[in-house]
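One chain, chain A, links the two complexes that follow: it is found with chain B in the first and with chain C in the second.
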Partner chain A sequence: MSEKLNNNITVKLICFIIAAILAIVAGIQFYDHRTYKETVVVSDSFTEKKMLSDYVPSLKNTMADTPVFFFDSGVEGGTVLYLGGTHPYEPAASLSAFVMMENINVEKGRVIIIPQANRSATTLGMLGNAYPQYYHVDTEWGSVKYKIGDRWAHPLDSWPDPFTYRHYPSGLQLTYQDLRNVNRCYPGREDGAPIERVCYAIMEIIRNEKVDLAIDSHEAAVMYPVVETYVAHERALDIAMMAAMNLSATKFYMKCEASPTNLRGLSHREWGDFSDTLAILMETPQPFTDWIVGPMTEELQTIGADEFLGTAMEHGLTYVEYDKNVGCPMKLRVGRHLSGAAEAIDWTNASFPEKEVVVNWPSYEELMEHDCGYFLHDPAKADTDKIFEI
Partner chain B sequence: MKKFALTLVALIILSSIPFLGVAEISGDEPLVFETPFMITNAGQGPGGKMGRLLIKQAKALELDKDFFYVDVPYEDDVTEKPYSCIVIVIGSTDKGLGATGITIDEEIDRVNRVMAAAKEAEVPVVAVLLEKDKRSDIPTNANERCIDAVCPGSAMMIVIKDGNQDGRFDKLKEEYDIPLVLIDSAMDFGELSKTMFNKK
Partner chain C sequence: MVAAQKIIYYLYMLITALCAFFLVKHLFKRKEHKGIINDIVYALCIIPFILRILHIK
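Showing the complex of A and B:
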């Protein structure tokens, strides 16, 4: 009897030790992801860094607070806002913001860039989806590590979730975790849940900084209909349509959708309804977010070549031209965002000369030729006042 | 020998000059209509608005005088003005149909009624496709159903080349004896509208 008891205790002890080791290993990884900071070397056009908490003070010292970078030419013109990282599991959006920030040259007007709109969501991966925490971009001076985050803010930063999320102010009922989704909480509220406050702060930037054109960058599954698409608020629809048609004729296929009036909480709807800005959302194709893909590796994120999607393509089930041997590499996705944003700015300039913004950054063609790493600068050789850790 | 080669190269270059500015518009000769005309869409996509925008950009026709944009026309709208024709831009929305609570069946029913009213009033319909559809080989695709609802009863089809890669509109042209005008890109539709409405 005593020997049996001893055996039981030994088994339990071994189980406990194994569980503790697993918990420690996982804990280290979680902690690393939670605290890792991405580095950006801003261009000479950089003028000022603010935080979201400058617009909503209650965000100060929270994981939801995130930097807002200003690139002001000093020449009177319009103002453009570019958002990356609304959904950090769509990393080409924030990488496009980083490439933009490192290479932007503003000659007229100003550009405001928020590279990690949902910063809290950059600090974990999607629960239940076993995928890498990071991806790497190769440069001539080494490899740069970036995070692959989640769609929703970290539960530690916004807890507990409600049983049902009721959008403010429409009252529309949405799935509970969307209270942690930046693209479901606009226009937000100053005293709401953390992500509602983030959204309110972004709205305050749009209103207070008099943003003329606001662009929210995203990625979408290749089996999702709204991919390779601009989604535009009705006041921005002409601009987005012209941009889509011109891009389709000259660079890459892009379509345009009108923002539905009864889908609430989204940037392309609420930015336009609750401010004077011209609101546009952009989607690039990202196989990583498709549900039928094979192993969710770093390569799937950075290259996106997947034989299951190739089979889906053969059966006409994808919404983009998909080559399983080529995939949708990061350079293509970042390039699409950069040229997609530039095209929208060009058509805004043509439609509203008084809101003109003259700006340039690497184009789709340049990204396709050189890849992303070519446009990232070595922090070791940069002025310290140009280096930011986010 | 060298002189001959140079002459040959020069001849090749000279003979290719007429094609250098390759026509953005090809296929059948466009039909010509009077003004005013209605422009709208089938499928509740932004195609009608795209068409309106491109015509406006071409700066030859005046909105609400030479042409009228009607977002969601019904039978009665067909004869509300003395339209010379109805330009229907085909394109189902991937975002809005479900979101607005309208089913594709309801939308096809509306389009069928407009087509029937146009036929009865003898107002010709011009079917236009400005966006290619990746899923054009799936018959139940909303876009394909709009094509089936509009094109067979149309007087002319204007289609972006990429949208006819599978020969879908060639078959419609053959089966229903409808002129088919092809444009290289949607941007060419504005220029084509000048020819169609005699505003060159």
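Showing the complex of A and C:
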């Protein structure tokens, strides 16, 4: 009986068909995540959209190519670059860029926004972590769906990985998958791996567009030391320190750290070393990326209330204050980024009046009062030339 | 260098296709380890190779 079963072609076919069904069920979800596009309705200050491939042509028609939005007042002043989506599993960074793009008003100088710096990494979830694929933001006109991506670019777009990633040009050896990490590949290479080319293109934007202040937005685990922090290149340290002190006195706690000189490939180090820009990175608290939290649900991403993290807080294991009943909601994290960027611009204006940028967008207080959805516009009622699917 | 990367990429895709082919072949025809458990393992192991070839995962 057993021998018969073992050699039965029908059994083998059933195994194959079940595997095929599993592949189809999983494949539909993976394909949906790979191809889903987020919608943004840009403000009246929008002037031009370019692509990274305009700066590095070899990125054209690849999943790593990503849009670059220009908001130019037409009045001579400085230029600010704001980056979201360097690590798409830190979605408040991208959402802050979207809220910024939908509400920005530029009166002097110009602002360049890249909402999905690592676009390839927005097309897959964290491998093996059972993450939800999407999160939703409620608005008066409906629910808006956004992706939760990965830290690294999709292996389909950059494959195979090396055994060890050797950073260019320093030669520093890093973990192999960091060849797909935008915040480990700066200043990049024009003919390098896909993410090295992305980084080179961003450097070209900073150099060619003469960016005076460049801000890279991130999120960090509550148990990670560099949380609620500006990390600044030495030339931007005074600005970041003043901004951190003022924010801590008036809005929310923020600290400041100097960019390590020997840790290579990061925006706050290489942007400053390989261009004239003032380079700053910002981190908000995101319980979703902590190591000890409970189920990885959409609520954990959007609200961030977790009892295990609360217990860690009681034992002094977190680096910032954490209330397990309140968590770290998306509105708080997006608000922190928006006011954190505005504060850095204000102090740059004060330090370098010739590089002044006069700009406004929703503040931390407004986000806390109205939540994120209040500031998103209905594409059904917007001018078609203001709607972008990315 | 970009062209070299593309060549290596497509070579890996070819290797993936070969792996998928041999897994399917050995699912239906093999000389050793003929148990049903091995059938199930072979069938499940095919999934990631197929998804990679189809550019889905």
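Everything that follows uses one rule, which is that the second predicted complex is superposed on the first by the 380 of 390 C-alpha atoms of A that agree within 3 Å, B and C clash if a C-alpha of one lies under 4 Å from a C-alpha of the other, contacts with A are read in each partner's own complex, and residues count from 1 in each chain.
One rule holds in what follows: contacts are C-beta pairs under 8 Å (C-beta built on N, C-alpha and C of every residue); 3 or more make two chains touch, one makes a residue touch a chain.
Keep in mind it's a predicted model, so treat the numbers as computed, not measured.
Novice: Quick check on the superposed pair: does A:Leu263 touch chain B, chain C, both, or neither? Answer first, second, both or neither.
Specialist: It touches chain B, and chain C stays clear.
Novice: On the A-aligned overlay, A:Val75 touches which partner chain: chain B = first, chain C = second, or both, or neither?
Specialist: neither
Novice: So, A:Val320: does it touch chain B (first), chain C (second), both, or neither?
Specialist: first
Novice: Go through the superposed model and pick first if A:Val25 touches only chain B, second if only chain C, both, or neither.
Specialist: neither
Novice: With the two complexes superposed on chain A, say which partner A:Ile292 touches: chain B (first), chain C (second), both, or neither.
Specialist: Touch status of A:Ile292: no partner.
Novice: Touching A:Asp238 in the superposition: chain B (first), chain C (second), both, neither?
Specialist: It touches chain B, and chain C stays clear.
Novice: In the complex, go through chain C and note every residue touching chain A.
Specialist: 1-2, 5, 8-9, 12, 24, 27-28, 34-36, 39-40, 42-44, 46-47, 50-52, 54-57
Novice: Residue numbers of chain A touching chain C in their complex, please.
Specialist: My answer: residues 5-7, 9, 11-12, 15-16, 18-19, 22-23, 26-27, 30-31, 34, 58, 124, 156, 159-160, 191-193, 197.
Novice: Considering only the defined contacts, which chain B positions touch chain A in the complex?
Specialist: Counting only chain B, the residues touching chain A are 45-46, 49-50, 53-54, 57, 93-96, 99-101, 130-132, 134-135, 137-138, 162, 184-187.
Novice: Over in the complex, which chain A residues touch chain B? Could you list them?
Specialist: Touch residues, chain A against chain B: 225-226, 229, 231, 237-238, 241-242, 245-246, 248-249, 253, 255-263, 316-321.
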